[in-house]
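Two complexes follow with chain A in common, the first pairing it with chain B and the second with chain C.
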Partner chain A sequence: MRNKLKGISIVSIMTPVVIIAATMLTTSALIMTTGANPLNAYYYLLTGVFSNIIDTINRTIPIAFTAFAVALGLKAGLFNIGLESQFLMGALAGAATGAFITGVPAIVHVPLCLLVGMLSGMLYALPAAAMFVGKGANLLVLQLLFNSIGTLICTYFIAGPFAGENPSVAATPRIQATAQLPNLITGPNKLSISILFVMFTAFALWFYLNKTTSGYQLRTVGDNADAARYAGINVKKYHFGVLLVGGALAGLAGALDVTGNFYRMYGNYSPGYGFDGIPIAMLVNGNPLGMVIGAVIFGALRVGSVSMQTKAGVPVEIVKVIQGVLIMLISAQHFIRFLVGKYIKKGERNGKT
Partner chain B sequence: MDIAIKMSGITMRFPGVLANDNIDFSVRRAEVHALVGENGAGKSTLMNILYGLYIPTAGEIEIWGQKKVFHSVPDAMRAGIGMVHQHFMLIPHLTIADNIVLGDEPCKGNRYLRAEAVKQIEAVCNKYDMHIDPTALVSSVSLGVRQRVEIVKALYRKAEIIILDEPTAVLTPQEIDDLGRVLQKLKAMGKTIIIITHKMREVMNFSDRVTVLRRGKIVDTVSTDETNADEITQMMVGRSVHLGGDRKAVGIGKSVLRVENLHYHNGRVQKIKDVSFDVNEGEVFGIAGIDNSGQKEISEAITGIIKADKGKIIFDGKNIAGWQTEKIRHAGIGFIPQDRQKSGLALGMSVRENMILGYQNLPEYKERGFLLKQEAIAKSAGDKIEQYDIRLSGPEAVAGTLSGGNQQKVVVAREIGHAMRMILADQPSRGVDIGAIELIHKALIDARNEGKAVLLISLELDEVMLLSDRIGVLHDGKLMGILDAKDATREQIGLMMAGGGVEHA
Partner chain C sequence: MNQSILIIIIMSMMRLTVPIIIAALGNMYCLQAGIMNLGADGMMIAGAFGAALTTYFTGNVWLGVLVGVLAGGIIGSLHSLIYVEFGGMQNVSGLGLNILAAGITTFLCRAVFNSNMTPSVENMFTTPALAGVPVVGDLLMQFSPIFYIMIVLSFISWYVMAKTVTGLRIVAVGSDPRTTETAGINVWRLKHVCVITCGLMTGLAGAYLSLGQLDRFVEGMTSGKGMLAIIAVTIGRRKPLKTVAAALVFGFFDALQLQIQVKSGLNLPPELILSIPYVIAVLALLFGSSKSMDKVNLNPYVKSKYEF
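Up next is the complex of A and B:
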């Protein structure tokens, strides 16, 4: 019995290790085709991360929030890909509230920005959610379309009504000092209190899913919607709620990013934070702590890739390859798990005889 | 005497499970050999080894006296073994001929000779006296015909030994008789047949010899005409089995549920046509009928999952038609749905969590209005697991890892445990083994003895007749009549199920 438990835990540990190793090998091969030395590239990737730890954490925050939103959807049986535009809406609304409302104290202004950002994300999630839940329209297609629309709406506002003081840069004006999130650390880089929001949300998510009756009902909806219906649970209500709360989380992430990190919204604001959450949430099966760790890794890849490009000459796009390979291998994780298990068993048998 | 198959010392070990334990199994040429045992006894494992799907941990296989090692299904096929799975492996959008030759097509160069395929299949059909139209689409034919297609598929591949896995699970009584005739014909033509089953009727009617497996071991191999159904059941379960529970004489009390003039339609189909009946305290009211006669709709209308078009559902004096499902459950109706995997369980969640599904908002499982009462939930689950003898590694076991019988026991334990007034059981023993059926019958009858009302819907006429006090017979959404179970005969009910012989008792 003890042996069996040990065998299982070795497989559980080895599976992610194999996935990461295989990703690095694939990426190395690709880096070599660009003429660079992979070891060199990885070295600069790591030094880039460790010399900019605070920057890494700042990148982690929006990724963690979108991962939470994706996880909530997955637990209810939905695949939420609409977060990218909901994040942008939150950032835009947060930036506008921060920049154009003046003369209020920080104690009011900061929460107001976050609240408006959250509501904007939620409101932007509403039409797709309503069409999906009410009329059974295809959620993936709806959200894909709303992502494109949302991105263009943001571009319009940044270039037009909300354009900043410098017409040559597509960006909103800098937000008022009263709208800026307080910082925990200011040097060498600033780290705002938004990291506390991540911690709190991770805990709240864990608590909700595991300790509350509503969280139980949500998980039932995700596991077997038909059985949930037979049990008298309103499946549509949960689907609708999950999409709206997902929008609120993405919107909050956008507002936090603006008020805590960049102090303004500019063109092409999101490097794809809304999509980063998907593989992370899937990789750890919605475990909140796991998602925070995953978000740190993805944040680190984004930061490290910049130094990899400048110092080793490997394009930052390699990060997308790394993410793509990761996603592919994660999709095949059961198969990898099976292979690892088989290999370990073989080793044990050989070891015994 | 020719020995077609000789499997000796077969052992198959899966992680944590010994599925086959040193099994010796042999089948004679041109016999119908029934392989019986409860779910999880190792029948399918043994046959999958014979069919090359699994490689045994230990043991040897001889076919026609020659030692064989099968590494894959094609190996087994080359040795003349064919298998008809319980869930047919056919492509609905292709014709029967295309399905049969798939993977082994008559070709000229790279060209598929469809006409040649049809001709060859017709020859096979004529030889074995089986009538199918090779040019028909698989999707257009009945399940009985599809099964015959699978058999022809095996014959086309020159199979001498045919394994049928639970061949009657999806067939109507008429089709089961047809299958019996096909098997006799194949036997007469010298084919060797193994049927995997747990239904006694088939074992007795179809087979020449029976091998009984229990918990991965062979119990015995006997000639069918030297044994009887009770003896085989006893070998399967390891003890004598008593179906039907222990009925106590309880006076039938007042009406708990009264369905009045219920109507329901789905699309253009009228599913329930003016159905009225009562279910009283201390009785089992059984509903008999062939599949899809409106049983599912009646149970879903009572439990509020669908809304009836017209009619009243009076429960303890209140009209509950239009109530939410949860309110109906809380009012005291337990509901065992037809399909446990589809509608009864969250298979990815633990047994502990499944034990409160549908009742999670009862005050006993909830604190401060929004939190799960973890200790109460764990205790309720632990008690029910013990009471219903549910075999699992612990309450945290994921429901999907349980055997069918144990999954059904989870649903039955949950619903009977929470039903204060009435239990609605829609095919409670569908696809579970005899041990579990015995327990489920006992639980239903015990509830009746306690004065609860039981509404039993079943496709197994034997079960309805065994358990019910009164029997309503459905035909095409209409209640043809209500009979007293004491006077009702199989023939009478059978006639009414087919839409004739309306009688009132």
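Up next is the complex of A and C:
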């Protein structure tokens, strides 16, 4: 019995390790095809991160929020890929509220921006959620469609009604000073209080999932929707709620990014934050602390890849390749787990005889 | 005047629909066999890059098309390996393939050409071989050879699904793999064949994008066309001819927005018109019946030797 327990825990630790090691190997092979030395490239990646620690943390914040939203969906048995456009909607609404409402004290203006951003993300998640829950339409197809539409809506508003003072740059005007989030650190780079929101949300998520009845019911829905239905749990209510709360989290992340980091919204705002959350949440199985660590790693990859391109000549698209390989391996994680388990069992048997 | 605009729109619709129809027919095999292929965009972009790269280095467009088709097939076989063979999560795998293929193609493009697009390569915009046909020769030669391949593929797909035993077996595997296996059919082999066929055809659609529509590869050139192909299959209820009809609707609005952008007399924002195909797809999902999807079993059918 003890051996079995021990075996299970070794497998659960070894599976992510194997996945990450395989990703590193594949990426290194690809870097080698360009003629660069992978170790050299990784060295510049790390130096790029450590010379821009604050920038890395700023990048981490939106990724952590999308990871939380994905994890909430996964716990309820849903795969949420609509966060990209919900994040953009939150950023757009936050930027507009921050720029066009004037003469309000900061104590009202900042929360107003965040609230409007949050509600916009939630509202944008509503149609797909309603069609999925009400009509049983394919959620993934719907969310990909709404992602495409959302990107177009943002492009329209940034170039049209919300265009900034400089017509040659596609960006909204700079938000009012009263709408800017207070900073914790101002030099060498600024770090706003949005990091506190991440910590609070991580704690709230852990508390909700593990310490409340509603959280327990939500996990039951995710584990076995039929059993949950027989036990009298309203499965549709949880699915609907998870999608809306996910939209609210993504929208809040967008508003925080605008009011705390860039102070305006510009074209092609998101480098794919909505998809960054997916591998992170899946790899650590929705553990809040694990997701914060994963978000830091992904933020570091984004920051470090820039110095990797300039100094080692490795194109920044390597980040996409790393993510792609990681997601592919995660999708086969049950199989990898099976292989790892088989290998460990074999090792134990050989050790005994 | 009005008539000539109509002809221009119809011609441009025919050209713009080619990649959507080819990819949709490929994805039809996938969905019929119970596999949701969200990686269609990845297969398409791999095909586009493979075709443009090979044509640049060899100067032979047909060799380019062949490599493009094979590149799509490789991505397809990855999906097949993970989902059909290992029983992985197909939606996650498809999404990963999209990100991976988009990343690898742009990565290699930057590594080789130091830019996010290839230089101009030989193209196959027209079919000069058909110029000799009497009366309609001038019209026929204005289409790319891949356009004619598409017509042949549409006919073959209809024939396979409606008239052959293989078509029946594909439907059977998609709706009830266990019963089909009991009937002595190799479920996994058939599923592999369907996914890889889908990859090859979607790769061809990509090759059309970079050789038949444009004379180069550009980062992100598929712009969600793979997704539109999957939606066309859903709206067409996985029937070849209905799928082609649904794809033509998307092509029509693509052509329309291009005309409106060129004429710009209406002064509509381009984003509004660009979003029309997506809005139509949403409406189709809202008002269309989702019952036909219920017959497809989208759960992995795992080999018994991997007991987990």
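Convention: the second predicted complex is superposed on the first by the 317 of 353 C-alpha atoms of A that agree within 3 Å, B and C clash if a C-alpha of one lies under 4 Å from a C-alpha of the other, contacts with A are read in each partner's own complex, and residues count from 1 in each chain.
Simple rule for what comes next: a contact is a pair of C-beta atoms (placed from the backbone, for glycine too) under 8 Å apart; a residue touches a chain by one contact, two chains touch by 3 or more.
Predicted model only: the values in this text are computed from it and were never measured.
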Touching partner for A:Ile81 - first (chain B), second (chain C), both, neither: second
Touch count on chain A, higher of chain B and chain C: C
Which of chain B and chain C A:Leu289 touches, first, second, both or neither: neither
Touching partner for A:His334 - first (chain B), second (chain C), both, neither: second
Touched partner set for A:Val108, first chain B, second chain C, both or neither: neither
Chain B versus chain C as contact partner of A:Gln217, first or second or both or neither: first
Touching partner for A:Val169 - first (chain B), second (chain C), both, neither: neither
Common interface positions of chain A, toward chain B and toward chain C: none
Chain A - residues contacting chain B, complex: 4, 211-214, 216-217, 219-220, 223-224, 226-233
Chain C to chain A touching residues, read off their complex: 36, 38, 78, 82-83, 86-93, 95-104, 106-108, 110-111, 224, 227, 230-231, 234, 269, 271-272, 274-275, 278-279, 281-282, 285-286, 290, 293, 306-308
Residue ranges of chain B touching chain A (in the complex, touch as defined): 15-16, 303-305, 324-329, 335, 337, 342-349, 353, 357-358, 360-361, 365-366, 370-372, 374
Complex contact set, residues of chain A against chain C: 30, 33-34, 79, 81, 127, 131, 135-138, 140-142, 144-146, 148-149, 152-153, 155-156, 160, 272, 275, 278, 282, 315, 317-321, 323-328, 330-335, 337-338
